[in-house]
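For clarity, chains are labelled A, B, C and D in written order, and residue numbers in each chain start from 1.
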Amino acid sequence: MNFQPSILFSILLSIAAPFIGMLILGFDRKITARMQNRVGPPILQPFYDVVKLFGKSELMVKKAQILFALMFVGTLLLSTVLLCFGGDLLVIFFLISTGMIFYTLGAYSVKSGFSFIGGNRELYQMLAYEPIFMLTVFSVGLITKSFRVDQIFGLEVPLVAIIPLPLVSMMIVFLIKMQKSPFDISTAHTEIISGPMIEYSGGYLALLKIAHWYEIFLVIGIMSLFFVVPGNPVLTVVSMAAAGLAIYFVSIIIDNVTARVHWNTMLRLSAAIGITLIVVNVAIVYIVAYIAGGA
Amino acid sequence: MVKSTITFGPQHPVFPEPIQFILKVVDEKVVLAEPQIGYVHRGIEKAFELNDPKDNIFLAERICGICPAPHTTAYVRGVESLMGIEAPPRAKYIRTIMNELNRIHSHILWAGLLGDAIGFESYFMQTWNYREKVLDAIEKISGHRVTYAMNAIGGVRRDMTNEQLRGLEKTMDYVESSLENIEDVMKDYTIKKRTQGIGILTEEEARRDGAVGPTARASGISQDLRTSGYDAYGDLKFEPVVVNNCDSYGRFAVRWQELKQSIDLIRQCIVKMPSGEILTKSNNPMNGEAISRVEAPRGELFYYIKGNGSKKLERVKVRTPTFANIIPTVTMLSKGCQVADVSVIVLSMDPCISCTER
Amino acid sequence: MGIVEKSRLKSPWILHYDCSSCNGCDIEILACLTPYYDIERFGILSKGNPKHSDVLLVTGGVNHRNKTVLKNLYDQMPAPKVVIAIGACGSTGGIFHNCYNILGGADKIVPVDVYVPGCPPRPEAIIDGVVKALDKLKHLQNGTWKEPETGPIVVETAVGAKPAPAAKYANAAPAPTLNSQPTNKEA
Amino acid sequence: MDGESAKITAIALTTLAPLLAGLLCYIAPGRKSRNVLISAGIVSAMAGSVLLFLLLRGSPGHTIRIELGSVAIPGLGAISANEIITIAEITLAAAFIYLAARIKAFYALALSIAQLGAMIWYEFSYAPAHGSEHAVRILIDYWSGTMCLIVSIIGSLIVIYAVKYMEGQHSQNRFFAYFVGFLGAMNAAVFCDSLAAFLLFWEITTLASYMLIKHEQNTESLQNAKRAFQLNVIGGAGISAAIIVLGIACNISSLGEIAALEGAIAPALMLGVILLCFGAIVKSAQVPFQSWLLGAMVAPTPVSALLHSSTMVKLGIYLIIRLSPAFSHFPAVGYMLALIGGFSFVSTAIIAISQNNAKKVLAYSTIGNLGLIIMLAGIHTSLAISAAIILTIFHAISKALLFMGVGVVQHEMHTRDIEDTEGMIAKRPLIATIILMGIVTMIIPPFGVFVGKYMAIQASVAAPWMMILLAVGSAATVVYYVKWFGRLISTDREMERKPEHMSTLFSTPLAALLAGAIGLSFVIVQVVAWFVDPAVASMGYDVVLQAISVEVVTPSGYISSIAIGASMAAVLLAGLMIKLDDSKKTRPYSCGIEFPGELGGMYMHGYAGEDKVNKYVNFAGIALIMIFVAIGIIAMAVGKVM
């Protein structure tokens, strides 16, 4: 059975997307605080932060920053809408990475030391996670025989049953996107303050925060696509949500038991673990298919 | 080679105090680190000459808000030797307890800051949570968490009741078990990755540059002023903690073991605590010169005090451990490191700029 | 009270600058972040970046070298913003008032909204100071007052002498010397 | 004018006219007359290419086939076209030998002599004995037509630009002779179906590129020109060897025959194809032959623009794509080729991160993109070839734009260093914007190169292991372009709105290319319908790329450049409306003090530096090439096609 999400559902989901990302962040801060024996902020804290920032006056260095911030949010919004409407996964991926390019350029556009290093680090991160992300999307396409999100709903078994290892690799991407240690190098508070965001203030900083919400929704959304249960919409929603939460909980635990690593360690880890796992998994799928085909 | 100039400080979240390094970096590699000073200079040494020597205790305490006990100890010991008096044994033991409590709180604080610097937030939170208990113990003894002015010229200001001693013992048990809880952090992969081989200072360099305190002891130099036996240390049994790692991890390890050592020393003090007076009163004139050295959490603290027989001191000179450790730190930085390591290396010597600049 | 004002109270981000303090106050501010006091439950975050911050915490007296730094940081904070002077030194120069390199409290350079006395003030007092500052922040909108000025607030602390009444400080607060940009108070 | 003569006219306009104009440039008495000749050459090339393409649409089967038989020359009687080609080839080979001897290029000398000997033996002893044909076959299908459009239009724009760029420099006559002639030779090579004729024009481009690279006549340029010459002679020798192998063992003398073969395939054919691909790999400067293209950077920038974007290196691509249908008979060759291309893509993308010379970055980027195209050709599915063609078109446009932009910077600011152009957006907004747009069209959706990459990923489903190379390579590509972009826009103040003077001869080609890069990307649906799909079809592939209203639909996905582009443009316009007044401006944050204002880019020298990586890259490249050729030889020895 081909599960087609209704248009209304898609529209609602794309409107809700940033808020889902926001709630994820809110819970994240709360759970992290609980893990650290603290009470922690309210769940809606990220929302208050952003609203407050919109109420502040802006102090910017130049206008180019504003353009890049807007483009960043714009591309991520576009990519979210595409995801919610079951668009092309590759286009979604490329739009996310374009968004990150704009974000990096926003950092580079100001001649400021920490912003510059933040931009550099954003590029190191890109070098680390883009191959993994791209290969994951690719392996989904390889199994689904299509890059369209809606085709995933037409599979016979959940993707996680065939290609579980890319999901592990995607944890690296997720940690980077969530700005969590050990890979929070670009926004490292105690090294480069807040890296690429440092020269933004007020409403434009809020835009970046909102873009971050979108980003989290997108990455966790793509990861939970692995848990689509074919032919059963209710179970699909349940398993996707559960999987999303599980992934997210693991990321919080990792955040709490690790220190931030160097960018070169990150690159090595992502190449050694991230890419290898995907390659191994796809190889296994091929070998199994070959044996099954041969027999 | 294309270099960038990055200013690390004066206002930077990783350092609570305005330390400034002007870094020349290529990509992320630091090729030149230039320390800049003057952001915290107040002119305390001059103020020592203006105030009454008794009030100076409060001033000495505020040279550094993290280690007030060693500063006041060094100051009062200097003044006592000018006056030719000595504190009673019980006072010496109380001083020792305060010094060791101070060391515990300072080392835990440092460990937390290191965790914060390398992005290990939960570690920062846990250590500082335990540190609060130590501060509570200090407050119960002295009446204040941070600047407790326990020392007085000729002894200590306040006595410790048996109840307080028992409470302190309990606190020590608590701190010890808490520290065991988080001891595994030392084995963590990411912590090792961030500290091992970072900020190398060989024994030779440490001797040449005159490193003191844990920085020297992590480079294999067995140098601990407490072995000279001032205050009650002569009665207590302990060995200086020395490791040979010569890197930030070694400095971490030294401080971690010193925490346990300090807990042990406090227990010894509680057991051996003599009874008697806590203050030797004297109105002897302060004449001549005196040198007073104390092992502060960061290393050797040195006071030179000169009196001319008048009501006020003629000169007080303070050489702080951080001052001695600046050149070793520049040596470490100049070996080439990453921007991310600057905070780790600088923190690994536990800088106290407000001490250094006074 | 609109949603923006409400959010403003829920998420004050702080910037801490140590002018020339002895570390006592600084460590107490850091201690506020930790589980014992946990200021994040009020949405307070230590940002370390003036462009993101709403509240400037100044510890220690201003000296000749760091006065420009303090001014620079204050100028880079977007309105509405409040300044809290932490500790005796931050308020008046404290024990170092007669040191040759100390100009005085933070109010010599930037307009201070809340004074938190103490040497150092307890973390509770610092949190109280930030919360009192929020009261002020509530009425600020992009650099203009909505209500008549109430003058600087002084936090009453458990430790130390009872602080002087607010009115005394309101008059005593000297006009900012290095301040070229219109500030909250002047507007 | 009937159809046939119109076709001949169009072919002559695109090939002979520029060649002739080039020759005449040599003896042009002055600047004015030279400019007239140059204009005539490029106008005829452009007009001819458009005419040819229109004729192509009208021709039966969308192909133009012409056989040049014999030409009657007064006094000599009839000479077959093949003989003319042979004579020209021998003359050229002799010239090569002379040249090689003069510049002491001994490898090239030995190879040239051997090549000459083999060709003379083959043409005069072997071929007549086996009754080979005397006609020179010309085959123009959509792929050749598209290449001809790229060469003629982009090449001509570069020529216009070069006229201004070279103003006041020495020996311009010779420079433009080769420069304009290059276009003609390139077009001619693209049209030739006969391998012998193809080789002739192939070697002419080698000669012309040598002459252009050594234009500056200093030690460095002579040395680099020599290297380019030596390496390209190796490539030419590969083609010659292929001609002989194919001729002797398979009796094949044209490209079309190779691609169209069916049924049982002789191992020799496989070897022949491998040798042809080997020649193409050298021409396209793939690892380990990348050094000639990097060395070619010493030439004046228009030369780099010409060699990199539309001509020379694209000839290798053209040949490989033309041969790609044959790979279905021996997939191992295709995949090996894909591996070589993919490896070049990854390694150059990583090395490019460490470069701060703008032209070198572009050179590495060119090699990388050509590698990507070769990889796609090696995968040889319909989608892969479509992607390869899209990449070829858009890469040519964007790369020409970037090279010319960098050229303007060099011409006016006398620097190629990316670090020197820091914050150029504030000082020279116009030229900075052009370079920025060039970068944007290289990496950012919805522009053409991006669409090509998007399809490349889908195409690599057919050869999944290539995807690892593709993933790492494209991430690295983004890194070096973004950091370059970042250097250009890094300022701590707003742009100055002062008028910036730029010569019309600079601005016209730049504007045209910019318009082309953006415009064609927005109408990519039409590009697919007009150029890509027919070209793919004309090479015998099924058409899988569908252009449906505003979407390009691939078998496993769809992309709508217009939708993406329009939404991005809307956001951009909204952003431009926002005003930032002075009261909202502040200085950059630098820990409370004024920022010292020194920034240097991010180059990862310790990880991606040429000195660190080159030895491994070259070693792996040589190994790959040796395996590639070995496959053919082993196949010959075993007598079985792989």
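In this text, contacts are C-beta pairs under 8 Å (C-beta built on N, C-alpha and C of every residue); 3 or more make two chains touch, one makes a residue touch a chain.
Keep in mind it's a predicted model, so treat the numbers as computed, not measured.
Ranked by the number of C-beta pairs in contact, the top chain pair here is A-D. Centrality annotation: A (chain centre taken as mean Cα position, compared with the mean over all protein Cα atoms). The geometric centre of subunit B is 28 Å away from that of subunit C, both derived from CA atoms. Inter-chain spacing, taken between the CA centroids of subunit A and subunit D, is 37 Å.
Chain centres here are Cα means. That of subunit C falls 64 Å from that of subunit D.
With touch defined as above, residues shared between interfaces to two or more other chains in subunit A number as follows: 36-38, 57-59, 113-114, 116, 120, 189, 193, 198-199. Contact of a single residue of subunit D with at least two other chains is seen at positions 586-587, 589-590, 592-593, 595, 597, 599, 602. Under the contact definition stated at the top, the residues of subunit C that touch 2 or more other chains are 17, 34-35, 47-49, 51, 69, 73, 76.
Contacts between chains leave no pair untouched here, as each chain touches all the others. Residues of subunit C that touch subunit B in their complex: 15-31, 33-36, 46-49, 60-61, 63, 65-66, 69, 73, 95-96, 98-102, 119-120, 122, 159. Subunit B meets subunit C in the complex at residues 10-13, 16-18, 38-44, 46-47, 50, 58-59, 62-66, 68, 109, 112, 124-126, 128-129, 131-132, 144-147, 352, 354, 357. By the touch rule above, subunit A contacts subunit B in their complex via residues 32, 35-38, 113-114, 116-117, 120-121, 181-182, 184-185, 188-193, 255-263, 265. By the touch rule above, subunit C contacts subunit D in their complex via residues 17, 49-51, 68-70, 72-73, 75-76.
Against subunit D, in their complex, subunit B makes its touches with residues 1-5, 7-12, 20, 22, 26-27, 29.
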